[in-house]
Amino acid sequence: MKKLMNKPSGFVDEMLDGLVAANPSLALGGDTGRVVHRAKPIRSGKVGVVSGGGSGHLPLFTGYVGEGLLDSCSIGNVFEGPTVGSCMEAIKLADGGKGVLRLYGNYGGDRMNFDMAGEMLEDEGIRTTTVLGNDDVASAGPAERQKRRGVAGIIYAYKTAGALAETGADLDAVTAIAQKTVDRTRTIGVALAPCQVPGSDKPSFTLGENEIEMGMGIHGEPGIWRDTLREADAIADEMIERLLADKPEGAGKRVSILVNSLGATPLEELFILYRRARATLEAAGIEIVRPLVGHYATSMEMAGASISLCFVDDEIEALLAAPAHCPFWTVTA
Amino acid sequence: MSESAARALARMFGRMAEAIEAEKDHLSELDGAIGDGDHGITMSLGFKAVNKALAALDLDTASPSEVMQTAATGFLDAVGASTGPLYATGLRRAAQALAGRKELDLAACRDMLAAFSEGIRDRGKAQRGDKTMLDVWLPAAEAAATAVADGRSKQDFWKAVTIAADNGAAATATMVATKGRAARVRERSLGHLDPGAASAAALVRAMAETL
Amino acid sequence: MKKLMNKPSGFVDEMLDGLVAANPSLALGGDTGRVVHRAKPIRSGKVGVVSGGGSGHLPLFTGYVGEGLLDSCSIGNVFEGPTVGSCMEAIKLADGGKGVLRLYGNYGGDRMNFDMAGEMLEDEGIRTTTVLGNDDVASAGPAERQKRRGVAGIIYAYKTAGALAETGADLDAVTAIAQKTVDRTRTIGVALAPCQVPGSDKPSFTLGENEIEMGMGIHGEPGIWRDTLREADAIADEMIERLLADKPEGAGKRVSILVNSLGATPLEELFILYRRARATLEAAGIEIVRPLVGHYATSMEMAGASISLCFVDDEIEALLAAPAHCPFWTVTA
Amino acid sequence: MSESAARALARMFGRMAEAIEAEKDHLSELDGAIGDGDHGITMSLGFKAVNKALAALDLDTASPSEVMQTAATGFLDAVGASTGPLYATGLRRAAQALAGRKELDLAACRDMLAAFSEGIRDRGKAQRGDKTMLDVWLPAAEAAATAVADGRSKQDFWKAVTIAADNGAAATATMVATKGRAARVRERSLGHLDPGAASAAALVRAMAETL
């Protein structure tokens, strides 16, 4: 797989350099050099919202640092968790004296590092809470929802928690809205072609000439089935069906939908998927609010797409509508 | 003149680094089969960092607990992989277990192994049979406890501990991974040794050789 | 090449359906069904700014319909010009009584269709002018600049012409700023892997396992050289060098830069390119204003990137900073 | 009783559609070598649409110019490819050239061919030797002008015109494309017939057969 890069060992740091150079609202911080935070220091009295994870998923995670969204983010190597040190630094940079929410995807490595960072910072008197994104319905059954991986849908929780934090809400309230948003968000992905970790000599998985995998994870974790490519409408139908079959408790008739490219899949195909998904949802009596279609959480040059549904209530819907501004997502009043 | 406990621990970490260096490529190969192929590199980085941190410590005045704590910090700063928080937590717990102790008698070694393995378990939330390094550390700690309860000699103690560790590592080949990166390949992990278990067994042997 | 689509014959119409369904600020218009325009009718007295071209380049062209940018856009099949009929409809929908600027890329098919549409509308009393994007330095030498193809850099002219039109400026002024912006914009692309036109049984071109092509056009038109992949810094250096060697008359020491993915190339790689391009420009004493890094003009799933420089003056810089809002580009005051 | 000029033109367009249908796959193949492989389809679509539009026209009252104008509109609405504006412009210009005429004598045919080829040239800004349909239409129009100037018979007129057209089409194989989609492959277009020239020659033969 051809990549526009220099030495693989510099991939992440050079990418981060470019990211902050191109976006003056962001800054690189910490001794580790692996923390992206808002260039403006956090307002004292504001609850901090921190995320983090491996590199290779831009705009996730670092791209969502901005007003009404995240305060800071720790970044690991490609598809590897951020170190404890960078997690500690990210939390400290997001500390405005009212505590910090750690909001990240449910992966073992990320959890170990963030948990350890949180414990170590308790000694320094920073209160932290944790909410784990676990929206990927393909990764475990409904009874084992706590085991599910976190994928694109986490950005809904970034948005609601970030918006609520800007209002001056306290840590418990910000934590609760993040948890509610995660609880009401479901995602499923479909992979068409793999990506390759820089420096690795083989792709992250292999798929036949005309094969796709339903439910594959964003690092190539195994999915639900692998079979020949079918028409987009059939794929969209199955994805929506699987998401609705897993509807959260208390779900109403309004959803926000995110049709997301895993990387190489172009906007044209996303809109074809969106068209069908929308028709299917409307036929099921479900109204779409604030649809998102684009590159929101990728796996570098992986081909494929994911669909997320956030089953909103009035509170979530209002927070999704609140102004927000980061390099990859702007919501205006 | 018998070596101080702090010096013995430092020598143990030196031997651990050598053992990892010797196994480095093999460990990465094992990880390549079911993970991301970097386990040799992460362990090598980690133990080099531990020894570098220890080199800056005054072993004449440092306590065994301080040696462990220094090792924990050194490891943590160097390793981003899953092994970073796992071993750093193990080492921190071991440091707590050794707090106030001056001697590394068998009871201290037993407590150290127990704290170490519990730290790893608490951090990683894995259990025996999940095909991880815990399948080495937990049986090794149990063997140590039994050996002390049975009043075994130092030699028999370490023999029992290394046998338990080696058996535990070998057994991982028959397990399906459910934690860590190897869990992604599920059934395909069957038949492969877990790299973290293999390196753990090498670390236990280094302990036996030096303590 | 695997694509998330239904019948190839529906690719464009289904994509457009999804695009307007997901973006309520846009509407599909005309009997041809191949015109995207702002949902709000044009303000009487405002000069219209129209673009158009083949499909397969999203966000280009239709994605730039919005406040402070385009009024409407005609769309052809994948990599084919829009029909005369759709061009006529696009122009009519952008007519607020003060005339319409036709601002599109310099391709034979597009020109024939837009020219014919303009001639036919003269009879109906709609005054139109034409500005052709011709920023691709790889497609002809400086002496033959009028022959160059138009690529990603045209969005700078969308922005300046769109912003000036919102102020109530007349058609000559809007045409002049679009022409000045085009005259001051230069682009070069590099291709790593091809895309495939829906329904076609072969990719748009072929490249060896480890081969890239410098200067390739967005439909696979031949470039400057084809050789083995090299490091990103070397590629960025050559691209910037070629752009600076072609500096327009009157260029000062300030540029806006657009580092654009041709489709499959992920943000990570764009930021690695940007990092180096920025350092090189700064070393040459050139200051960057308003950098853009992302997917702005693609060729579906083609892998590769382009770099555009817009050599701004005070007027262009001010117009780039004016508020604008379309589905893929938001500038806030 | 001799056929009206409007009917003759309508019959000509019918014959053109047949000729294109017969050549359809061949034209797309030619286009596949140096373009996007759709020329047979676009021409087929275009001439089917022309005949559909003409079917709605009352040929008893329509003038030759109206027939041409109707054909132009029909072609334009149906064809998005480059051939759309090219042929539609040619047909519009031919309609203008025929304005006021009732008969399709050789002078009218000459003027029609001249207007047609000039329309295509003005629209596409191409010249002879650019490897396009113009390499057929321009020599055909010239041959028509010469034949009328030389006072040739109808049969000789159409013979001269078709020979010029066929030679022009054949000559495109020796040219490098500089206009249209084939210009993208530059030198690689050498040795290939231009699809637009091939279809143009077929259209000229259909004219000769029917006028």
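A, B, C and D label the chains in the order they appear, each numbered from 1.
We take it that a residue touches a chain if its C-beta (ideal position, glycine included) is under 8 Å from a C-beta of that chain, and two chains touch if they have at least 3 such contacts.
Just so you know, these numbers come straight off a predicted model, no measurement behind them.
S.K.: Could you work out how many touching-chain steps separate chain B from chain D at minimum?
M.R.: The distance in steps between these two chains is 3.
S.K.: What is the chain whose Cα centroid lies farthest from the Cα centroid of chain A?
M.R.: Looking at centroid distances, D is the chain farthest away.
S.K.: Find the geometric centre of each of chain A and chain C from their Cα atoms only, then give the gap between the two centres in Å, rounded to an integer.
M.R.: That pair's centroid distance is 29 Å.
S.K.: Could you put a whole-Å number on the gap between the CA centroids of chain C and chain D?
M.R.: Chain centroid spacing, chain C to chain D, equals 34 Å.
S.K.: Determine the centre-to-centre distance between chain A and chain D, using the mean Cα coordinates as centres, and give it in whole Å.
M.R.: Taking the mean C-alpha position of each chain, the two centres sit 58 Å apart.
S.K.: If we use the touch criterion from the header, which chain pairs count as touching?
M.R.: A-B, A-C, C-D
S.K.: Using the touch rule from the top, collect the residues of chain A that touch chain C in their complex.
M.R.: Answer in residue numbers: 2-7, 11, 14-19, 21-22, 55-56, 58-59, 63, 190, 192-193, 210, 212, 229, 231-233, 235, 259, 263-275, 278, 291, 293-295, 298, 300-301, 303, 305, 325, 328, 330, 332.
S.K.: So in the complex, the part of chain C that touches chain D is made up of which residues?
M.R.: Interface residues on the chain C side: 76-77, 79-85, 108-109, 111-113, 115-116, 197, 200, 217, 219-222.
S.K.: Given the complex with chain A, which residues does chain B contribute to the contact?
M.R.: Where chain B meets chain A, its residues are 36-37, 76-77, 79-82, 84-86, 88-89, 123-125, 179-181, 183-186.
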